[in-house]
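Consider the two complexes below, in which subunit A is the common component and subunit B and subunit C are the respective partners.
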Partner chain A sequence: MRQRGQKVFAAICVAPALILFLLFVVYPAINIFRMSLYRWGGYSANQTFIGLENFRILFSDERFYRSFQNTILLIVVVTLVTIFLALFFASVLCRERLRGKSFFRIVFYIPNILSVVVISAIFSAIYDANNGILNSILGLFREGSPILWLGDRGLIIYSIAIAMIWQAVGYYMVMYMAGISAIPESIYESAALEGAGRMRTFFDLTIPLIWTNIRTTLTFFVISSINISFLIVRALTGGGPDGASEVFLSYMYDQAYTNSSYGYGMAIGVTVFLFSFLLSGLINGVTKRDPVYL
Partner chain B sequence: MEAVQKPSLGERLARSLIWLALAALAVSILLPVIWVIMASLKEKSEFYGNPWALPQGLYLQNFVDAWEKARMGSYFLNSVIVTALGLVFLLVLSLPAAYALSRCRFPFRKGINTLFMGGLFVNVSYIVVPIFLMLVDANQLFGVSFFINNKLILALVYASTALPFTIYLLSSYLVTLPYAYEEAAYVDGSGYFRTLVSIIIPMARPSILTVLLFNFLSFWNEYIIAITLMSRDAEKTLPVGLMNLMKAQNAAAEYGRMYAGLVIVMLPTLILYMLVQKKLTQGMTIGGIKG
Partner chain C sequence: MGKKITTVILALGILAGLFAGCTGNGEDKNTLKVAVLESAYGSEMWEKIVDEFEKDHEGVTVELVAEKNLEDVIGAQMKSGDYPDVVHLATGREAGLTETMIRDNMLTEMTDVLEMTVPGESVRVKDKLIPGFTDTLATNPYSDGKTYFAPMFYGPCGLFYNRQLFIDNNWELPETWEDMFILGDKAKEKGIYLFTYPTTGYFDAFFYALLASAGGTDFYNRAMRYEEGIWDTQQAKMAFDTVNQLAKYTEPTTVSNANNDNFLKNQQLVLDNKALFMPNGTWVVGEMADAPRAEGFEWGFMPLPAFNNGDRYSFTFFEQLWIPKEAKNPELAKEFVAYLYSDEAVGIFAEAGAIQPVKGVSADLKGDSKLFYSIYDNGAKAVMGGFAATEPVEGVSIADSLFGTIDSLVSGNKTLEDWMNAVKAASDRLREALK
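Coming up: the complex of A and B.
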């Protein structure tokens, strides 16, 4: 009798959440795959099944290749620089004896609580060609015309990378700090007795001991770089100048929502999803090490 | 380890470099934030002078303009309503579900758990257009305009997309509670529902607080769903309003108004962060990765 009561109770508990989850997450996710096989100009009317035609067009679409290049560049640059900085600052804040540690931890995490729109607005103040923060600092050292951080086709993607790194360092630092502070103090003490310096300790002790931690964040980096780059590009540059800062999902959004080519947009979405899935799997395989047991 | 010797030259150099690096990152974060706050207090003429000059006075007219002329006041109210509704929906949906999924035995439990876990990998940026189309279809189907430009629906979408992470976080806390509490409650004749409300939920308070904090930030800051589902001006939320101001700034050089709008969006999250920063960074490592 109690068993049955529990089943009914559990069903009542789970059903509302499950139904809304299926409706607003699972169904739209499945729809991306289904819609990618249709030519779809407007709302529900006039859908035609065209098989893989959207994907065929996609692979000869130059604008897609540009968004592809930009996204890869951002994933690589942002991941490498952010990991380096986050590991450095995490290890400093965990291991060094200095004053103001918690002040630095609090400040470094601030970008994480800001809306991407706020971050974009802050960076448009930093990058503003005429009276932006960056150019007015650089103006002290150099002469000549101002640098167009957001208007130069070659520079723009790096300007976006810097904004993404600025946003991400504190988050990953806190992640790595959790890993580092779980390492027993005694190991560091014996390393110090053996005469290992800072560098040695960092590379031969800290990094191997939080390797699983680092591996997990690599997957995060792939997924979140694709996502955050879209959110920043959409708010900061809108893909411009002339498509030079277009990334994966901003191109998808432009095609699907702005241009009303829903089927084509969703084909981009499917491709990006599969790409991020494969890349995460690849990184996961390549970085596999035998875990270090204490 | 006691520092018996005087630190060597190399050691002193290393320490200074570390300090320099820490200070550099802190400045690169604080300087722009303080700069925009200062800029929000400047008069229009001041933007054409030295950009490093402090504001000449507290020119609060920017905030009045942003609040009234740029309608940030009504967007603020929209954001408060959507965020609050979203959080209420989220708790009402996720607490019972997380409880049942982590502590009751019933058919398909494992499958449902796996399904929610899979949801952790579905990014909102991918599914925002299909969600929009689904709601448009619903409008046509029922011959209404209820599903688009509706704060209730937006809050529901927020809550639904936050379910996987929230259920994961709550479940991982709930499984650690000892069963003895529930058994005692059942022996005393308390039903399942009452046990959940008066025994489990009070005990889960720390994890509920973490859930509220994270989702407050993500709902308050979210803009891509809001911009897609809320096209009518009266229904827009704060971050979308700020995006409008950024565009207007480029066209009409309304710098002060834009920076004031920026501060209006940013300030609530900054204040909250100052109050609970410890809780937030601790909670993140629970929700993120363990070990």
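Coming up: the complex of A and C.
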């Protein structure tokens, strides 16, 4: 009797959170899948069931492929560069004797608490073709017409990547620092006694010991690259010039609202969902190692 | 046991709290929900209008929603079935709410409003309006002679420039495209570019007027209905060629700022004498009121140059007001719309700078506004409307193909031929989906 009472009590306690979760996460997610099978403007009562037609159009839509390419490029570039920088800074700030450690810690973390609108404003000032910092500095070394960081179709996606990396480094650095500071100092001492240099300790000790940490962040990278790239694109370039900086979610927004094709937008949403799900699974599988216990 | 009951009650209380926000509001026959976009004119004029309307209509309460991001506010409510009775929100916005209403046939027909007598007056709405405003695709989106949109604040669009710069350099204003490009070469010698544009979105009014100057109003209307082969005609080629040539005279950094967040930098080029002309609307004066400017700067405004000895055109932009099909109170809504054309309402709007297409209003204008609204008196022809409504076509947008591509023309990434092909392809797809 007592046990049963406890179960009921537990169920009642969990119920509000569970209901919220079902109502605001599971139900909308199922709805997205359902809606991707309809032709619908988003407001009216006339939803026409068209099966997988939206997906058929999607796979022959050049503009969707371009946003796909841009997103993948951003995921790859941003993840690689951010991991490298974040690990480097984390290990320097944890392992090296450095003046003003906490000052740097704060400085690196600040971009992460800034809103994306502020970040976009900062970068639009940096990238400004006429009076931007970047072109002013480069102007000291080179002649000729200014570089259009936000106007050149070939450059723009890298300009966005730089803003994303700048924004993300601090966050991941703090995650890695937490992992590194959990490693006992004695291990490093014995490694030093054995004659291991800085590089050797970094690759053979630090990285294996925080590997689980790194694996978790890889999934974060996939999710946040997709989300943050949308926010930055919206605030910095609006998808332009001529759609060159369009990413997954900005194209989804464009189709669902501006082009009144809500169902099609949801089909893009479903594709993004499956893509990020599969990619995260893949990354998780590939990076699986036997954990190192201390 | 008592404890358990308390726990259960508390837990249920939390659950009840979750749904507290979901209660509906009672509907009232005398309540009118009005949703308006708060634009550069401010929302104060709407508050005054509502006050006056309530004064004249005893027992009627108007619930006014005036927001800059109107779509975000009413969009969610509309999805849950709670529709405003009157909406003032034009087409051409990024969220595309008004376009969606057209495409999904969710508008109340307003042809009868034109026949209504303006409340408190003895004139019909129709007779107060400047002729032509209710014969366009922007008011009759299905081109079936039925009006679904009330034309509200209007303004001519054309080319804005620095008048003082022309006086200082002894340059004459170009009247034909030939003169325009000769001027472009002259200006280049002084380090000034002929042209810039805020974003490619501003090419809509520009290109519509250009089409009309190349082939007349009838040709323009055929193009707006995606007529087969229209983009292969000599007239269309003239328009495409002109923009392509203009792209070569465009200030080169324009492209990098041609988005919704940095377009002011492009407008600034004109204020700083770095570019001569930009396509824009009358709102630009207010928008740039606090911006720094070259010494002696004075706004100038002209219609598009003509082809050879043809006519000069200026596109007339106007905002639209509509009644959703799902409006709870359509009769009162129509009464409200008719009231908006009364002398009283027109006066309130005009005071805030919002000019309706009502006869005689532009005669009392002063300053810059007088200059802008007088271009039609000085020989320019007006062109109105926009592309005809279609069923939504997934992945195809005429605006992206026809205007968006211009960025790539300026940056040299695409050729004239690429552009024309993109427009033709989009036009072919949309023709099949015409309403």
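Note that the second predicted complex is superposed on the first by the 267 of 294 C-alpha atoms of A that agree within 3 Å, B and C clash if a C-alpha of one lies under 4 Å from a C-alpha of the other, contacts with A are read in each partner's own complex, and residues count from 1 in each chain.
Keep in mind that, in the parts below, a contact is a pair of C-beta atoms (placed from the backbone, for glycine too) under 8 Å apart; a residue touches a chain by one contact, two chains touch by 3 or more.
Computed from a prediction, not measured in an experiment: that's the story for all the values here.
Of the two partner chains, subunit B is the only one touched by A:F104; subunit C is not.
Of the two partner chains placed by the overlay, only subunit B lies in contact with A:Q6; subunit C stays clear of it. In the superposed pair of complexes, A:L150 makes contact with subunit C only, with no contact to subunit B. In the superposed model, A:V116 lies in contact with subunit B only, and not with subunit C.
In the superposition on chain A, contact of A:F59 is made with neither subunit B nor subunit C.
Touch criterion met: A:L85 reaches subunit B, while subunit C stays clear of it. For subunit A, the partner with contacts to more residues, out of subunit B and subunit C, is B. By the touch criterion defined above, A:T258 lies against subunit C but remains apart from subunit B after alignment on the C-alpha atoms of chain A. Within the superposed three-chain model, A:F141 lies out of touch with both subunit B and subunit C [touch as defined at top]. Shared contact residues of subunit A with subunit B and subunit C: 5, 9, 12-13, 16, 20, 43-44, 120, 124, 235, 257. Put simply, subunit A touches subunit B in their complex at residues 3, 5-7, 9-14, 16-18, 20-21, 23-29, 31-32, 35, 43-44, 85, 88-89, 92, 96, 98, 103-111, 113-118, 120-126, 131-133, 136, 166, 169-171, 174-175, 178-179, 182, 189, 192, 198, 212-213, 216-217, 223, 226-227, 230-231, 234-235, 249, 252-253, 256-257, 262, 265-266, 269, 272-273. Against subunit C, in their complex, subunit A makes its touches with residues 5, 9, 12-13, 15-16, 19-20, 39, 41-44, 46, 54, 57-58, 61, 63-64, 120, 124, 127-130, 145-146, 148-153, 235-243, 254-255, 257-261, 264. By the touch criterion given at the top, residues 1, 14-15, 18-19, 21-22, 25-26, 28-33, 35-36, 39, 47-48, 51-52, 92-94, 96-97, 99-101, 104-107, 109, 112, 115-116, 119, 121-123, 125-134, 136-137, 140, 156-157, 159-161, 163-164, 167, 192-193, 196, 217, 220-224, 228, 239-240, 242-243, 246, 258-259, 262, 265-266, 269-270, 272-273, 277, 280-281, 284-285, 288-289, 291 of subunit B touch subunit A in their complex.
By the touch criterion stated above, subunit C contacts subunit A in their complex at residues 4, 7-8, 11, 14-15, 18, 71, 75, 78-79, 94-97, 99-101, 103-106, 199-200, 252-262, 265, 392-397, 400, 404-408, 411, 413-414.
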